[in-house]
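We just call them A, B and C in the order they show up, numbering each chain from 1.
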Amino acid sequence: MSSESEKETVEKKTEDAKLTADKVSEKPTPAKKPAPTKEEPELPAFEKGIADKIVEKFGEKTTITYVKPDRVGIKVGRDDVHEVAEFTRDVLNYDHVDSVSGVDYPADKEIEVVYHLSSYTDPTLSRQILEVATRAPREDDPIPGNDATRLPSLRDIFYSVEFHEREVFEMLGVYFEGHPDNRRLLLPEDWADLPPLRKDFRNKGR
Amino acid sequence: MSSPTLPPGLAIQKADERIMTLNVGPQHPGSGHMRIIVQIDGDYIVACDPDPGYVHRGEEKMAEYRNYVLNIPHLERPVIHDSCNILYPYVLGAEELLGLEVPERAKYIRVIASELNRCVYTQYWLAIYGIFLGHSTMFMWPAGDRELLIDLLEKMTGARVTHSYFVPGGIRNDLPANFEDVCLRQVNYFEKRIKEYADVFYENPILISRTEKTGILSREKAIGLGTTGSVLRASGVDYDVRKKEPYDVYDELDFETNVMKSGDSYARSRIPWLDMMESCRIIRDALQKMPKSGSVRVKLKPNPKGALGSVYKRVESGRGALGCYIISDKKPEPYRVKLSVPSFRNLIALPQLLIGEKLGNMPSVYWSLNYWPVEADR
Amino acid sequence: MLKDLITPQNANVFVGKLGDILEKAIDKPLGYAINWGRIWSLWPVHIETACCSVEFGAASSPRYDVERFGIIEAFGSLRQCDLVVVQGTITRKMAPRLRLVYDQMPEPKYVIAMGACAITGGLYFDSYNVLPGIDGILPVDVYVPGCPPRPETLIQGCMLLQEKIKRMKARKFV
């Protein structure tokens, strides 16, 4: 890494810190506590019901990041994500994954993997998207597959994540434990650089 | 399938002397821009490993360097013949982050452009499907009729395929004078033409014998694999984002979704054709209900900054539900843009469908997935 | 006359030069005939590399009907092809395959670079996985600009290639 890119990462770190700080301040609405005063009437009832069910079951293990019309976002620790996913499938009737996106947060030294769950079979959920986010530790000098950046795979719960998780593995270097096929998917076979969607990987000329 | 260290070409191990490994693509008339590694036992496929990525251009990374408006041209390139639809979720998401309210007339024009584009996409897909099945007439007819709608889109947007028509806050320019009449006339003629495809293609006994009962995807599997669009609806799941989560003005328009139960290649090839007729209906309805005048775009500040937060929007494209996940951190450039594309989601069904199928059925099964490799690779 | 010219002493020299003499005599008409044949049977390899293939397909549609120029007929095997139309972006994964395809084709072979991405990288100039043009891997005969080029532009590019072949020395490849 050159000094220039280091400078850039430092810059970004400060901004990311800001970002996370804002997020924390925005995060409140824990549907668990019926305390918040002004945001209470805005919360859509059905979505709040979903959030309440999750919080009721898992309590402290999950955080509700937002409740918007048709969208619920939750955040889960990496040890509990498997359990939570099983709960969403069996009890909440979400049956497939729309998308799996990896997001790099160098300031937190973490990589977030976001699952967007949706349902075909339950007509009440047809508008809904449940966002399950979980984070893996990030290493500055990654060796994809052989470092601490690991998460449990959800493939045994939602079969549809198979290719998505392979994509996240090569794009961000998150190894999915329990995934039977952690191979490269889109990048060339001889790719030897950093995983390209990490923030410290810069496109040429940028 | 095997150990993760092997490169894709070697991943399938030789189990038996009888088994032969075939590379289909990337230079192959029946593969498009991708490679499918199949293992065959005699004439039957026993293993299949799709290898996409030949057109992976790093759109998602590029989107992190450009602001919300500059992202438009390159984000539509993955499916240039469906460019309005692939931009749709991105533009909807950007509008929510930038806090823009779209004028009513722009919403209707967007719907018209999006439906025209769906027809243009489906016609191209149908033409290639004809070629894949060795049916040259079915290449010529859709490829020729498609040009009618391209003419319309060219009048609207100024470009044949890469429109860049949707911008955050509305559309780029208003309709040209007299567009409604021309559009109605062309669309009516187009609908008459596509109805004729039934005789030459869909009721053709050769086509039926080649596609019926091949590559059957059961309802449970279609749901479990998370397939979308025509693949899902051909398996008997009535799910269309336009109906289930209407965006813009789709809730005011009159249309139906098409569902078939059999889940074979024939059903998958028929659903997009039926959808085109619904698109014609939507266009006519939208032309009627559209406000005749009014602004089509709200003014956008130069280099607008997105609000803090994330947004996940989805629309129904020519291939299925297309989602866009944008994370913004109060900067002109999005922090992360993720396109969840239907082709990529449908690709997972390919090994399931091909195993146990004859090699000769591979092109028909593969293309019936409504798969566009460039989009899947991004 | 001829008898006088060819003596036993210089017969060998004469036979050695026979090729050159013949070539000089029939080079032009033969070359013309060979080039004429090549011009009207430019068959492209079936390799799609990116989104320009949509417009490539549209060029064969009834409206544009590119086959009336004897070019770009949809064709199967690359052993019988003599034209590569590089339809857009070449990624790092595709580049070795493209070169492999080119190497397997019989001589003579021509290359058309279609679209901005194939010429310079185009819109994807800063992408990590896209080559900045295909000049580094293939010798290009004709550049067809556009993003994507209209079918008319592609047809014009093919006709330029025909013009170019007309002026080429056919002998080089006989």
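Observations on the model:
The rule we apply is simple: contacts are C-beta pairs under 8 Å (C-beta built on N, C-alpha and C of every residue); 3 or more make two chains touch, one makes a residue touch a chain.
None of these values were measured; they are calculated from a predicted model.
Note on interfaces B-C and A-C: more C-beta pairs are in contact across B-C. Put simply, the chain farthest from subunit B by mean CA position is C.
If you average the Cα atoms of subunit A and of subunit B, the two centres end up 26 Å apart.
One simple way to say how far apart two chains are is to compare their mean CA positions; for subunit B and subunit C this gives 34 Å. Inter-chain centre distance (subunit A to subunit C, centres taken as mean C-alpha positions): 50 Å. Shared interface positions of subunit B, i.e. residues touching 2 or more other chains, are given as 53, 56, 58, 61-62, 65.
The set of subunit A residues touching two or more other chains comprises 187-189, 196, 201, 203, 206. Each of residues 91, 93, 126-129 in subunit C touches at least two other chains. The part of subunit A that touches subunit C in the complex is made up of residues 187-189, 191, 193, 196, 201, 203-206. Against subunit C, in their complex, subunit B makes its touches with residues 26-29, 32-33, 53-59, 61-62, 65, 73-74, 77-81, 124, 127-128, 131, 139-140, 143-144, 146-147, 160-162, 374. The part of subunit C that touches subunit B in the complex is made up of residues 45-51, 53-55, 57-58, 60-63, 74, 76, 78, 89, 91, 93-94, 97, 101, 123-124, 126-130, 147-148, 150.
Residue ranges of subunit B in contact with subunit A, taken from their complex: 1, 4, 6-8, 11, 52-53, 56, 58, 60-62, 65, 223-226, 232, 237, 239, 244-245, 308-310, 312, 314, 321, 323, 325, 327, 329-331, 335-336, 338, 340, 344-345, 347-348, 377-378. Only residues 91-93, 125-129 of subunit C touch subunit A when the two sit together in their complex.
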